[in-house]
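Input: a single structure, listed below in structure tokens.
Going by the order they are written in, the chains are A, B, C, D, E and F; count residues from 1 in each one.
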Amino acid sequence: MNRVVIKLTGKLFSPENVRVLMEIAEIVIEYKKRGLRMAVVVGGGETARRYISMASEAGVSLGWQDILGIGASRLNAMLFSSLLGDYAYYPVPTRIEEFIHAWNLDKIAVGGGLQPGQSNNAVAASLAELLNAELLINATTVDGVYDRDPRTDPNARLLKELTVKELKNVLSQSYTPGKYELLDPIAISIIERAKLSVVFINAFKPYMLKSVLSGERIYGSWVSP
Amino acid sequence: MNRVVIKLTGKLFSPENVRVLMEIAEIVIEYKKRGLRMAVVVGGGETARRYISMASEAGVSLGWQDILGIGASRLNAMLFSSLLGDYAYYPVPTRIEEFIHAWNLDKIAVGGGLQPGQSNNAVAASLAELLNAELLINATTVDGVYDRDPRTDPNARLLKELTVKELKNVLSQSYTPGKYELLDPIAISIIERAKLSVVFINAFKPYMLKSVLSGERIYGSWVSP
Amino acid sequence: MNRVVIKLTGKLFSPENVRVLMEIAEIVIEYKKRGLRMAVVVGGGETARRYISMASEAGVSLGWQDILGIGASRLNAMLFSSLLGDYAYYPVPTRIEEFIHAWNLDKIAVGGGLQPGQSNNAVAASLAELLNAELLINATTVDGVYDRDPRTDPNARLLKELTVKELKNVLSQSYTPGKYELLDPIAISIIERAKLSVVFINAFKPYMLKSVLSGERIYGSWVSP
Amino acid sequence: MNRVVIKLTGKLFSPENVRVLMEIAEIVIEYKKRGLRMAVVVGGGETARRYISMASEAGVSLGWQDILGIGASRLNAMLFSSLLGDYAYYPVPTRIEEFIHAWNLDKIAVGGGLQPGQSNNAVAASLAELLNAELLINATTVDGVYDRDPRTDPNARLLKELTVKELKNVLSQSYTPGKYELLDPIAISIIERAKLSVVFINAFKPYMLKSVLSGERIYGSWVSP
Amino acid sequence: MNRVVIKLTGKLFSPENVRVLMEIAEIVIEYKKRGLRMAVVVGGGETARRYISMASEAGVSLGWQDILGIGASRLNAMLFSSLLGDYAYYPVPTRIEEFIHAWNLDKIAVGGGLQPGQSNNAVAASLAELLNAELLINATTVDGVYDRDPRTDPNARLLKELTVKELKNVLSQSYTPGKYELLDPIAISIIERAKLSVVFINAFKPYMLKSVLSGERIYGSWVSP
Amino acid sequence: MNRVVIKLTGKLFSPENVRVLMEIAEIVIEYKKRGLRMAVVVGGGETARRYISMASEAGVSLGWQDILGIGASRLNAMLFSSLLGDYAYYPVPTRIEEFIHAWNLDKIAVGGGLQPGQSNNAVAASLAELLNAELLINATTVDGVYDRDPRTDPNARLLKELTVKELKNVLSQSYTPGKYELLDPIAISIIERAKLSVVFINAFKPYMLKSVLSGERIYGSWVSP
């Protein structure tokens, strides 16, 4: 495996998770040294929620709320870049062309959102398509894709392998409110058209990322085209 | 009416339509002089198709094909900007922030696509949301929204007024292959969340644009939130 | 008075202060409509502290911690810009030249920090010098400059008028830990060399800002060259 | 040979020539892998002609027509960049400084025109000067420089070796209308002052490019300072 | 007269000419206030010569020497911009598109050179074409165009009116070494194709500039298409 | 030693010192080839003084005078970049983020000043902090730090080793007018907080630079945290 796009949940970017972030950064640096090409997209997390809620209270439009959420995700990207040291592409890319630029220069670009109305997952999928990534790693808050909502149903079962079609079924049928937590329709449509391979893992268990980058298929849910 | 976003079909940008383009530019300038604030998004048209087909033949990914289509739409935007003279914001915006920049400076920004996986209609809808536009004018190849495909069914009837919900029904039920010609799901979801007013008119009948800009509701299909 | 630079404390940018922020934005818009030229510099506040503390825990250098604080102040600047609507220069300036650019175009630039090792107060003072501002308004957390620390000493007295020299004395003699809260030495040296007029007011009492912008000298501490 | 600037005729960029473009891209990648440093300038071709003719019909100035031609050449550069994959510098350079930037980073910059009133050949010559290129390869529509117009005169003879002075004579004396097709006076003056070595080959015969890059002097017309 | 491009000789930018520069800036501001749209191009002067000579001694190529001369002309443009205060477009434009940008925003752009191998006069002519200027004012070191070299021939006669064709004759026939001092062939070819009106005046006699801007045709040599 | 920031006095950039500049450039290239990572900050020198004095005479503010001085230092940076050929990062960085960008791409960025009110020494110190430089080399006009002013006192003694605290004492006690020639308080405060190692050497004796880069501690004054 030579080309990977990693999506990190914004929930990582809060004071209690600094150690996890540092572990993830070390893993990324380690695999960069081994020759793996990577691009990273991070979410807005708590900071995004904070600014979106302030903007919302002030009566600012949803479009501008998106822009503030994007700003927050870029602040997270700056923090993660600072952990990568010389390996990072800096400053944080704000256009998809800059991600391509950084990739071709063999640096790790760490970015956040790009446009209102477009999720960070859609950005990651679009990047994976443009960069011909062999794998899109979606590091989220759960261990993978479940057949039911793992947070409420003790019988929820992790799906170790599934097709994009099956993923769409799971996302549409099961747990309603958080159904876009894993992937929104735009992100899925890009994954479909580009025939991307995707794995969902738990960002808070960095050994899962390490395992995936090493080429193992032990952890997470693997989605094939 | 003070704030308008205009989407022009890329089909206008071919040698046989130069006179139409000139007429549209004159109308835009006239209403700018009267104090109307406008932003314009143009499609990629024939040039986009040409480059996408070349890239496709060369085996380039769909994401890169989108980028070439975006490049073509920007070339169209350059041409239309040159017709607006001093009234245009120049150079052509390549990020949504630049559209806001141009708008706040009271110049007419003319742009094309922005991101792979995002239609020009979605760009126009997103802009209308961010700029608090009172109306999104979608100038396309037909006189408005029909209950059936007007190109194949002589009994197709123009819908003069409809809600976003009705628009979605029409787009999902009727003429299949071209059903996204008017609006794709992403564009519609932005229109819905931002509660935008939209009118569909025929770009090749510039008097329709003039009528709409003057505040009349004579031509086209009017979509209310 | 025609030319003003306003420095807003970053402490304003938290959910409980949204109403205050909205009031300040309305006042700024009102005076912009009356022809006043303004530039605004905002602090990083709670968000800056949050990211600096995360970076510090991760062992990142003080220079990079500054960069994250600057990023946070820019996020605050985005939020305040969104409240100014069409009156704002957008995107947020990241170089001093962009502030000049925005000023000459007669838009309100709202920015944050610019360089590691340089406080937001120094940015505001530098801007006031470059833009030939008649007044630098420093809206902070207290009603002005006191002869002792108002937070610990009930006998602290607000100084209504003072010279830069007297300000330097107060800052150097009195309350130690927060002595640079009002102004750091770099900011003061720019204020001195440019012979700027400065007023310190309480950002959380927006009527003070309104009064100052109207030309009154009722509230705050006025520093003359 | 370590440093080469390649000028590709814009005529390559049409659907019927996609295979040729792909072959050229493969050759360029192959020699890049062998350590050759290259920069590429492409013409505007059919797309440029199309937009210039539309602008001309609309009464737009020659300067703006040039700008549209430049835009078209950049679209061609985007297409060629997409064929080079990770080896390309992306996005397409729009200033001569960006070409230097890309060169120093050891990536292949593919650009088009830069300024109104300046041919793409002049851009290529200027680049060759700035980058200390050992050879400027001009891949055009004919096999080289002829003593008469090869398209009308069956006795036209290919000149295998000539000096810049002889080249200027040929260009000024022979076939009139297309005399600047090979090189305009500005391009020649740069070639002269920089004492560049130039070879003219046929872009539609990619084996000629391959031969030249391999160091052979079999095909084309070689111009020495 | 509403649209003017002014070319100022770089010789103005030396300590002994500060008063002249200030006078010129005041005249430009005065006519800006009256509604005249202007763009300004300045030469590199003494600073350019200094850096070019250093680069030359160090064996740097002529292309890079041009780049340093351009850098020097931009430094002069910065100085002149600082004299125009709020009326200036800032920062100094470095691409022709930025000049258009500034013009459309109704600010006075002051720039220098743009590309190696292109004189500042060619830049000014190209701008005049793109901006549809009614007049290109070339403020140089002599009072206008002479039939012989005024510096060596006491019988040299100022030509008050001449056609572009006559100008070309004068430039080619008369005083050899400095013959491109007034205009180089590229600049002339743009003037010809764009059918520009040009006047040559003495930059060191600011009353000439004032007179020309007021619409008089008293001073200088007037070149008609 | 792997990571170094070099500050070169602007006094090097005048015609009589071209040979010295060339020698320095050769040394920098030599150590770059050996794998040393470097960033370079140059002063404004004679050109800065020239433009600042013109601006001062014209009544321009000290802030704008700083901007012109920065412009001059960037012109010097262009000249030095041209001497480094392919090893240079080009164009000249104008923001601290660009220096980081260049460093991570393993090119030698050569820049000048960045902000009004900030010395070039402060820029160099800030860079050294951000880039985790092991050594900040300050190449100035004297052989190092003296206990008295070496230009007036024949008994002045070079201090071979000193702490930052001792350096501050020397700078505050000794030769008054030029006391900030070596380092201003902002630069020192960054050096202190970042615990940087600094060496002062004579820029006009390039063998000193060579010796320092080779790891020797023979020449200059070495300042430890």
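FYI, a contact is a pair of C-beta atoms (placed from the backbone, for glycine too) under 8 Å apart; a residue touches a chain by one contact, two chains touch by 3 or more.
Since the structure is predicted, the reported quantities are computational estimates derived from the model, not experimental observations.
**Student:** Any idea whether B-D or D-F has more C-beta pairs in contact?
**Tutor:** Looking at contacts between chains, B-D has the larger number.
**Student:** Since subunit A and subunit D are copies that touch, just let me know if over half of their interface numbering is common to both, same, or not, different.
**Tutor:** Because under half of the interface numbers appear in both copies, subunit D and subunit A meet with different residues.
**Student:** How many angstrom lie between the centres of subunit E and subunit F, each centre taken as the mean Cα position?
**Tutor:** 36
**Student:** Can you compute the centre-to-centre distance for subunit C and subunit E, using the mean CA position of each chain? Integer Å is fine.
**Tutor:** 42
**Student:** Just curious, how far off is subunit E from subunit A if you go by their C-alpha centres, in Å?
**Tutor:** 54
**Student:** Do you know which subunit D residues sit against two or more other chains?
**Tutor:** Only 64, 67, 97, 105, 132 qualify.
**Student:** Under the stated touch criterion, can you name all the chain pairs that qualify?
**Tutor:** After working through each pair, the chains in contact turn out to be A-B, A-C, A-D, A-F, B-C, B-D, B-E, C-E, C-F, D-E, D-F, E-F.
**Student:** Quick one: in the complex, what on subunit B touches subunit D?
**Tutor:** 13-15, 18, 21-22, 47, 50-51, 53-55, 57-58, 60, 64, 67-68, 71-72, 74-75, 78-79, 82-83
**Student:** Touching subunit D in the complex: which residues of subunit E?
**Tutor:** 61-64, 67, 94-97, 114-118, 122, 125-126, 129-130, 132, 185-186, 189-190, 193-194
**Student:** For the complex, which residues does subunit A have touching subunit D?
**Tutor:** Going through subunit A, the ones touching subunit D are 97, 100-101, 103-105, 132.
**Student:** List the residues on subunit D that touch subunit A in their complex, please.
**Tutor:** 85-91, 105, 107
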